[in-house]
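In the part that follows, the structures are each spelled out as structure tokens.
In the two complexes that follow, subunit A is the common piece, with subunit B as its partner first and subunit C second.
On to the complex of A and B.
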């Protein structure tokens, strides 16, 4: 019994019965999203917040870089609620849009006509490699009769953009 | 009008262009961004966007190019061929300037020595005998002498300053000004003693008792084992000294 144990130990220390040989590789991002212009709400009247420049706001602009054509979609969700705000007791009405504001390749201009809009979500199919800039607008009115003033304070709403592999 | 600076060694590395085209989607339109070659009618740079059957939009593009000599870039243009309208047009060039394209620009450039030598030779500035009748010659000599004198003065001042700094640092190391005053201050002394007592250093000393358990006995005995003789030479000297003193006293007594 002792001899058998000793032999087994020698064998196991001299070689291995199985080896895991790793194969490594890196995948660079083929779909990247950058905020090139942060958005800001203006307050043109007591019951409205708007990102429109005419209302004193700033429309956020997001750039999408696609490395490989035909593999990615992007989904934009403009706000339908505040992520942070003072206590609000009346109704809020959110509206918004997402448009292609600039393209790096002329043929990307079809993205706008080919986009799919459902509720507050807009989906683009990126069939061409390159960069496209997307402008988001957002407007909020407060009160059932559009005549209730927003409480004073800080308001924040989020636009969610995500890359979706096809 | 020059499109790019005429500096030698300037190379264009890319062209950035942005424009907005307004058109009907069904219309055909082609936008071309071009630069003529300075020495021919061909284009040294050309970028074409085809907008056939595409809706209008704003186009933003940075077009990297292989390094192109900037002084070959002629007049540039952005043109629309077809139906539509261009607005908000902006074209800019990214270029790089080689500061050592002419080695004489900077003594750190490779080949500066050779280029400088060639420049001196080309302008007859090397091995030229000075004209001693030229009144400027005397001024140049005087200027050089003054320059040398100034350099010597500066070096001497620097040496003196270094010595002063060394002396000061030496004095500072051994300086006790202020320290002596603190040592004679009874309050300082009291606090110092309290600190020493606080750490228990003196307590340990005071608590240590020395037990006399070791008895040292005299075990070495010195015996007279040799006969000590009188030093007759010394005694003779003493006798001579005594005689000498007596003779001296006799002189004063007489």
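On to the complex of A and C.
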């Protein structure tokens, strides 16, 4: 009886099926935009809104992942108007910057010197595969003499980041 | 104490949100409608603050080109993938250069919102 059990066990284990279970995937020349820090305006005085940490704000930081070198450029547009706000009767002055704050490959340091700035748009040519982090700053002052208080209410401004295939 | 802070910091850094679209270089093929070509695009949404994306089609100088799709604004939930077809009249095929998707955001208080846009280039 014991011999029969052993034979049965051996036969059953010998008959086990080996099934391949492939995991497939493609690596395409893709670009991903990650919003690592959403950003927030601080209100350091009655007539200023600023994303600077010193003003109680937080600068938005975006990570761009490039899968293949030389296929993509990115375009960052910092705000030059509010997308929504209370009624404003005086002048608004928007300023902003976009800088490369960190890179995954040392040679990406050329991105900052090679960037092209036109009005409130900054364009980077992603010639190296990998990740780069971009910090956007935005500041708004209200009133032509910088002494008019912002009316109370909610203010929203839009930063647009575009990844464009070359 | 420090390890707890490190874990929280690590968890926060993992909360990055992404917008991704493929292929980078789509090709149009004839559709089942005479005189109309189509291409298939795939959108992946890892942004938990955006569930809607607007499709646009442009020529070389960023002038809009008429197109058809299931919807011009599509809903893609967080961590979901969605495929969509873009239909173009054959007479516009020579002009079509970019197919873009742009995130649509909800208003928030005193926050500079980040809209992300990916533009693929038509071969």
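The definition used in the following text is that the second predicted complex is superposed on the first by the 137 of 166 C-alpha atoms of A that agree within 3 Å, B and C clash if a C-alpha of one lies under 4 Å from a C-alpha of the other, contacts with A are read in each partner's own complex, and residues count from 1 in each chain.
We take it that a contact is a pair of C-beta atoms (placed from the backbone, for glycine too) under 8 Å apart; a residue touches a chain by one contact, two chains touch by 3 or more.
Please read all numbers here as calculations on a predicted model, not as lab measurements.
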Exercise for the section: Mind checking the superposed model to see whether subunit B and subunit C fit together on subunit A or clash? Expected result: fit
Practice task
Return first, second, both or neither, reflecting whether A:35 touches subunit B, subunit C, both chains, or no partner chain.
Solution key: second
Practice task
Report for A:106: first if it touches subunit B alone, second if subunit C alone, otherwise both or neither.
Solution key: first
Problem - First (subunit B), second (subunit C), both or neither touched by A:71 - result: second
Handout entry: Which superposed partner A:133 touches (first subunit B, second subunit C, both, neither)
Key = first
Exercise for the section: Please indicate which partner A:159 is in contact with in the superposed arrangement: first for subunit B, second for subunit C, both, or neither. Expected result: second
Practice task
Examine A:144 and indicate which partner it touches, taking first as subunit B and second as subunit C; both and neither are also allowed.
Solution key: neither
Practice task
Counting touched residues of subunit A, say whether subunit B or subunit C comes out ahead.
Solution key: C
Exercise for the section: For A:114, select first, second, both or neither according to whether it touches subunit B, subunit C, the two together, or no partner. Expected result: neither
Completion exercise
Taking every C-alpha pair between subunit B and subunit C in the superposed model, the minimum, in Å, is 11
Exercise for the section: Spell out the part of subunit A that touches subunit C in their complex, as residue ranges. Expected result: 28-36, 38-41, 43, 49, 51, 60, 62-63, 65, 71-72, 79, 83-84, 136, 138, 154-166
Practice task
Within their complex, state which residues of subunit C touch subunit A.
Solution key: 13, 16-25, 46-47, 49, 98, 100, 102, 105, 107-121
Completion exercise
Per the touch rule, the subunit B residues reaching subunit A in their complex are 18, 25, 31, 49-51, 54-61
Fill in the blank from the handout: Per the touch rule, the subunit A residues reaching subunit B in their complex are 100-110, 112-113, 131, 133
